[in-house]
Each structure stands twice: as C-alpha cells, then as structure tokens.
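Everything below concerns the one structure shown next.
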Amino acid sequence: MLQFAKVADKVSQEYDVRIILTPQPSDIYLLAKETKHLLIFAQHMDPISIGRGNGSILPEALKAAGAVGVILNHAEKPMSLAGLSLAIHRADEVGLATMVCADSIKEARAIAHLAPNIIVAEPTELIGTGQTSDEEYVIATTTAIKKVNPEIQVLQAAGISNAQDVYKVIKAGADATGTTSGIMKAENPETMMIEMIRAVRKAWDETHRF
Amino acid sequence: MLQFAKVADKVSQEYDVRIILTPQPSDIYLLAKETKHLLIFAQHMDPISIGRGNGSILPEALKAAGAVGVILNHAEKPMSLAGLSLAIHRADEVGLATMVCADSIKEARAIAHLAPNIIVAEPTELIGTGQTSDEEYVIATTTAIKKVNPEIQVLQAAGISNAQDVYKVIKAGADATGTTSGIMKAENPETMMIEMIRAVRKAWDETHRF
Amino acid sequence: MLQFAKVADKVSQEYDVRIILTPQPSDIYLLAKETKHLLIFAQHMDPISIGRGNGSILPEALKAAGAVGVILNHAEKPMSLAGLSLAIHRADEVGLATMVCADSIKEARAIAHLAPNIIVAEPTELIGTGQTSDEEYVIATTTAIKKVNPEIQVLQAAGISNAQDVYKVIKAGADATGTTSGIMKAENPETMMIEMIRAVRKAWDETHRF
Amino acid sequence: MLQFAKVADKVSQEYDVRIILTPQPSDIYLLAKETKHLLIFAQHMDPISIGRGNGSILPEALKAAGAVGVILNHAEKPMSLAGLSLAIHRADEVGLATMVCADSIKEARAIAHLAPNIIVAEPTELIGTGQTSDEEYVIATTTAIKKVNPEIQVLQAAGISNAQDVYKVIKAGADATGTTSGIMKAENPETMMIEMIRAVRKAWDETHRF
C-alpha cells in the first residue's frame, strides 16, 4: 500500500490531479507521513466526541493521524440519518472534509441538505460489477445535487474499470470519480491508476479549459 | 390499551379528528378489529420482502393485521438512509402510509425528498421533557418541508403535555401533533386525550374554516 | 397461515406432539386465539422493559398477545451476548419460554450457560440448503449442551426437507427439530407438515418408549 | 498519548510488568513504532477477511500496523455471539491476542467456551464509577472462567481508581487489571499509572513468589 501510495503521490503532482486515498484507519498515519500530495480520507468515522466510545472511530484521532477527510455512509457501512448529520457536524468541527455515499438520486438529494463537501453517487447495485453509471445518470445526479447545494462536489463512482470509463464520466460532467476494484483487480494496479489519472486530466482539460 | 383505544375511537368520530394510534405489533390485530375510526400505525417496519428475515417486521404482515400505516426512523429506532428509502418504497407497495421522524430542520428537509406521507418534526432533545417546540420552530420546519414537497403532512410532536400545547401547535400551522408521555403520564389519560382532541378541533376550526 | 395453523393444531393433538409455530408478531394474537394446542413463539424480542423503546418488541406485549415463547439470536437477527443474556432474563420474568439459536458447537456451549429452555443447533451454513446436520453433529451438540446444563432441550434444525430427515434427527437423539423452507417449499405444505409430525412420533416412540 | 506511552514503556521494563495500551486504530502505528515493551491492543476489530468491508476494521491491517492484540465485545461496542466467535477465530489466524469483555459471571463462562486469551470481567454497572469489584466477585469470576478453560487469563477491570484498588484486585487472584478513567481523571495520569504498576508488582510478588 505504501509503495502504491508513493506512486500515486508523484502522479498527483505530475498531472496536477487531486487524488483521495481511503486506507484502513491504522494505515492513515504512515501514508499521510510518507506522501505530500495525496489526500488521505478515513473509510468511516463515528459521530462521537472525546470521552466514551471504546471501539468507535474518534474524529479527533483521525485528524491527528493525518487524515484530511472521511467517507461516511458507504454502502458497506450505512449510517442512520441522525448519525450522518451529526458526523458531518463533527467533521466540520475538527476540520475533516466529508465524502458521503448515496445510492439513488433521491438519497443524493436528501444528503445534499446535510451539506457534505462531496457526494459519491454510486448506485449500490453497480458496485464492483464493472458496469458504469451511464451519462444520463451522471447528469441527473449532478444536476439534482447542485440544485440543492451548488457547492457540493459530485464524485461518480460505480463501475469504473479502466481509463476509458474514467474519461467518459468526467466528460459527462462529474467533478471526480473513483474505484477500488477497477484498480486492485487490474493486472498492474499502478499502471491502471496512472492511466486513470491521465484520463481525468485529459477529460477535465477538454471540458473545463477550452 | 383496548379500552383506551375504544374511547379514542368514539372521540375521533365525535370530533371528526383523525387519530393515529401506534401500538406494539402484537396489539395491531386486536385494536384494528375492535375500532372503526382509529388509524393504527405500526411502530416500525423493516425494509424486507417476503422470504428471509426471521425476527424482522414484514410490511405485508402489518397490513394483513390491520395496520394502515407505519412509523419509520423514530429516535429510538433509527434507520439508515438507504433502509429508510427502501422502507418507504415497500410501504407504498403494500399500501401503508408512512410517518417518518426527523430531529432537525435539515433532516426534515432531507427526508422530504424521500416523499413519505407524514414527517414528524421532533427535536430529539425535547422528547418527553414537557417543553414544546416553539412557534418559530413549527413554522420553520413546516415551511422547509412543504417547500421540498407540499403534499407531505407535518406532525409537530415534541414536548406536548396538555391541551394548551396542542392548541398552540395547531394554531402555529402544524397539520397534526402527537404525544405519548403527555397522555400516559397524565392523572387521567382518557380525559387528557379527549381534551387534546377538542383542542385540535378548536385550533383547526379557528385556523382553517374561518 | 391461519388455515395452516389450524391443521397443525389438530395434528398436534392427534399425535400428541408439541408443535411450535413462529409467526410475525402481528399474527400472534389471532393464531393464539384460534388454536388450542400449538405453542406460539415470537420470532424475536428486545431486552427492554416497559417505558422507552418505540419500534422495539416488548416482552410483556408478546405475552399479552398469547405467545408462550420467543426465538432469540436467530442467524437473521443476531443479538449481542449481553442483550441475549438480558432477553433470557426478561423472558423468564414475564413467563415466555426461550429458544436460542447457535450456529456452532462452541456457541451452543456458550449459550447453555445462559440457561435458555431450548437451544436450536443450526449451523448457519446449512440453513435452507436441504442438507441435514449429520448424526455425528446431532450427537456432538446434544452432548455438549446437556453437559453444561442437562435441562436444556436441544432442537436440531438445519437442512430438514422431508419426513425422513425428521425421523433421522430424532432417532439420533434430538429433543426436537424444525424447518421453515422444508415445509413452505413443499408441493403441499400441510401434507409435508403432517408427515413430519408422524415421523417425530415414530422416531420418538422407537427411541424413548421401548 | 505518545509521551504517556513512552513513560509506560519504561515502567513496563523497569518493573517487569506487562502493560497493554488500547489506543484508537489510527494511533497504533506510531505507538507501536515508538515503544518496545508495551503491548498495543486495538479497541475493536470486525470479523471480516480481505475484500469487502469499507469502514470496518480489518484484522490484517491492525497486525500490519503493529498491534499485538485486540479488545472484543467491549460494553460500548457489543458484538453478536456469532460475530465474536468469528472475530476470535480471525484474530487467531492473523496472530492477534484476544481480550474479550464480559459483564456478568454467566457471560464470562459463556465467553470462556470461545477460548479467547484474556477475559475482562467488568460488570457494566461499575464502569467509570470508582467502585471496585469486590474480592468475592473477583474470586467467583476467576474460578468460573478457569473451570471452563484454565488457560484464559482473567483481567478484573471495573472501578479501579488508584493503586490501592489495583493492589487489592491482584491480591484477590486476578491475573491482571485495568482502567481508563482511573488514570485519565487522576491529577497526574503518569504518576497514577506508575503507582498502579508498582502496586501490581508488589501484589503479584506477595501472592505468587513467596
């Protein structure tokens, strides 16, 4: 993981593309310390404060270890609405960016009212299948979210398996994209990651600069 | 409970006020069978379909027993956002009205995007305290919810301890109100309930008829 | 369900075999009222007392509706050890028999220390597969449980699909057996149930009377 | 925390007393790297394997970060019996010692069948109150656990607020003791910790060496 993170760190600088890495909490410190450009986000955080909560993930501890953000409400770690709302508040308090997962347009709209920094539009049924959200879905979710709160960045995530998928989704208007399986299942994960970052750069430049 | 329900049933007819009663699931059948006007809502329902789910509450079973609706996301039974969204969908499928609890204005707005029939605006910190949501909060939540979806009924719930509280909250624009502790802790729960229904009638007529 | 329960009720009397039926909580009242010999057990119960707990299953309410027992810790509704321990205590207090699920021999032994009335030895991986726990497993779990507490009845549950499976498991020393899928997926569930009860009678008589 | 850990590390060596420190997962790496004698245990671990499980705590990740053990089933992070059983199995697989919390004698006995390395006998009602488990409780739980499995170490935890409490509990036969509030609420936590370690040494020597 450390080796992969170092490659990603260089690539982030070289292509001027912001890369978020989401390791296990116990890997945050080392990865944050050994990289300069990567944005290390925790995979989850509990909406607790200093005091009770043995076994829960404390916001302040993530921040102290070097995390700059946190994923909330991942399909594999669903949160109650009240818990999610409080967690976003706690993250704001300690200075962690929030990236909240939604698995339908109406959930994305609902979450937008809680004002996270990023919403991950990731229809659960597509996770890990290699089937991308189509352009129509990308446009519909992005529009729906920005209508509620235009400051929220929209990350389109489901079914990204190669650089071409990345290119398409950024061209369709996504602020960001992401994948775990698309990289980890690739023959050469580092190469795949580099190609994906190049695709982000190309799609973004074609869409936003000219 | 049956005796109380029968009194409520008569009062509902007499004052032409719709009363929702939310018993334990095992009490639904008897209460639905022995009353004519009461609306029996389950306290919770799981977002499952017929098949696996031993120990969970099946939507179809509630409907078959005589329930006409269900509470979802009560502060004492929080649901994940995805679970809540699916539960509302399942309730719509089987023909159960949905009453979803929210404990802040932003949560109320978020929930409104999931299109339940009723939102209970009940700041958690006030439950059971005898301190009512003030008029400003009533107006703010009602406005926020209706702006997202004007068809949603807004039930203002926290801190209702007597008929005067009921009167105030309906006058402030709530579509409905509710209490458990306000009735159950009263010296005479039946009398308190009757007084509260009268207060609803009076406040509603003053606000809506003239 | 009511029709099925009435048939089971007659069969229970005719063959002098105790039958436990485990319906949804909202079906308990009607099934308990309309049958005489069936033992109606709830599918789950929360370890709560009268007071807070909207959306949870109250022991007293199950008892009042006519349940005589409750399943706890089903593989589809796992409980924490502390919650399970408290739930058994609450069930004892209100007079509900407890039937606790275990999915390995070591879990069965652990649960035996909490002194439920019945332990369901049901290796999770076999549920609904049609593959029975073999005789060796039946003997091993029964022996392990009785060694900790000989008063606990052992119900061997996994993979029962026909009367022959029932016969084998009772002959192997089980105090009881059970199935949902084996009956519900049968061409004629009532016939299958009757055949299974006959198999219990036959196996029990061969094992215990002579 | 790092400074405190370094003091504990020296004290552990000086008094030849094994000290377990249980930090947030994101602090494990640094604390394990900067100390030599301390035993770093994670506060919780999920019973998962490499693959899915975003937001859960992966056993392999804790091990890689330098943890040598893990707390399971803390009163603030209760686990299902099946989950606890699987977590102990996973910990054994990756080489992490297991310390499982029990809050009654019967739960302690039940957990003993799952063969963890350490059982924490900590009646929930005493946590953080400053009231120690009395000698009778210490003897009863230790005896009950060792009877099921004599290899399990018994840590008596509740209500330890000073060195005298530590001395008494070790003299009463506990293999170990522990506290969070007793140290963190002390005027000088480092001094309190050192006094407690001295008390362990003294009580242990009086009980076991002579």
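Per-chain numbering from 1; labels A, B, C and D assigned in written order.
Going forward, contacts are C-beta pairs under 8 Å (C-beta built on N, C-alpha and C of every residue); 3 or more make two chains touch, one makes a residue touch a chain.
Owing to the predicted nature of the structure, the values given are computational and were not obtained by experimental measurement.
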Determine the set of chains touching chain A that also touch chain D.
none
Under the over-half criterion for shared residue numbers, do copies chain A and chain B use the same patch or different patches to meet?
same
Please identify which chain has its centre, taken as the mean of its CA atoms, farthest from the centre of chain D.
B
Cα centre of chain A to Cα centre of chain C, whole Å, reads 46
If you average the CA atoms of chain B and of chain C, how far apart do the two points sit, in angstrom?
35
Among the residues of chain B, which are close enough to touch at least two other chains?
75
Quick one: in the complex, what on chain B touches chain C?
22-30, 42-44, 52-58, 61-62, 64-65, 67, 71, 74-77, 180
Which residues of chain B touch chain A in their complex?
73, 75, 78-85, 102-104, 106-107, 109-111, 113-115, 124
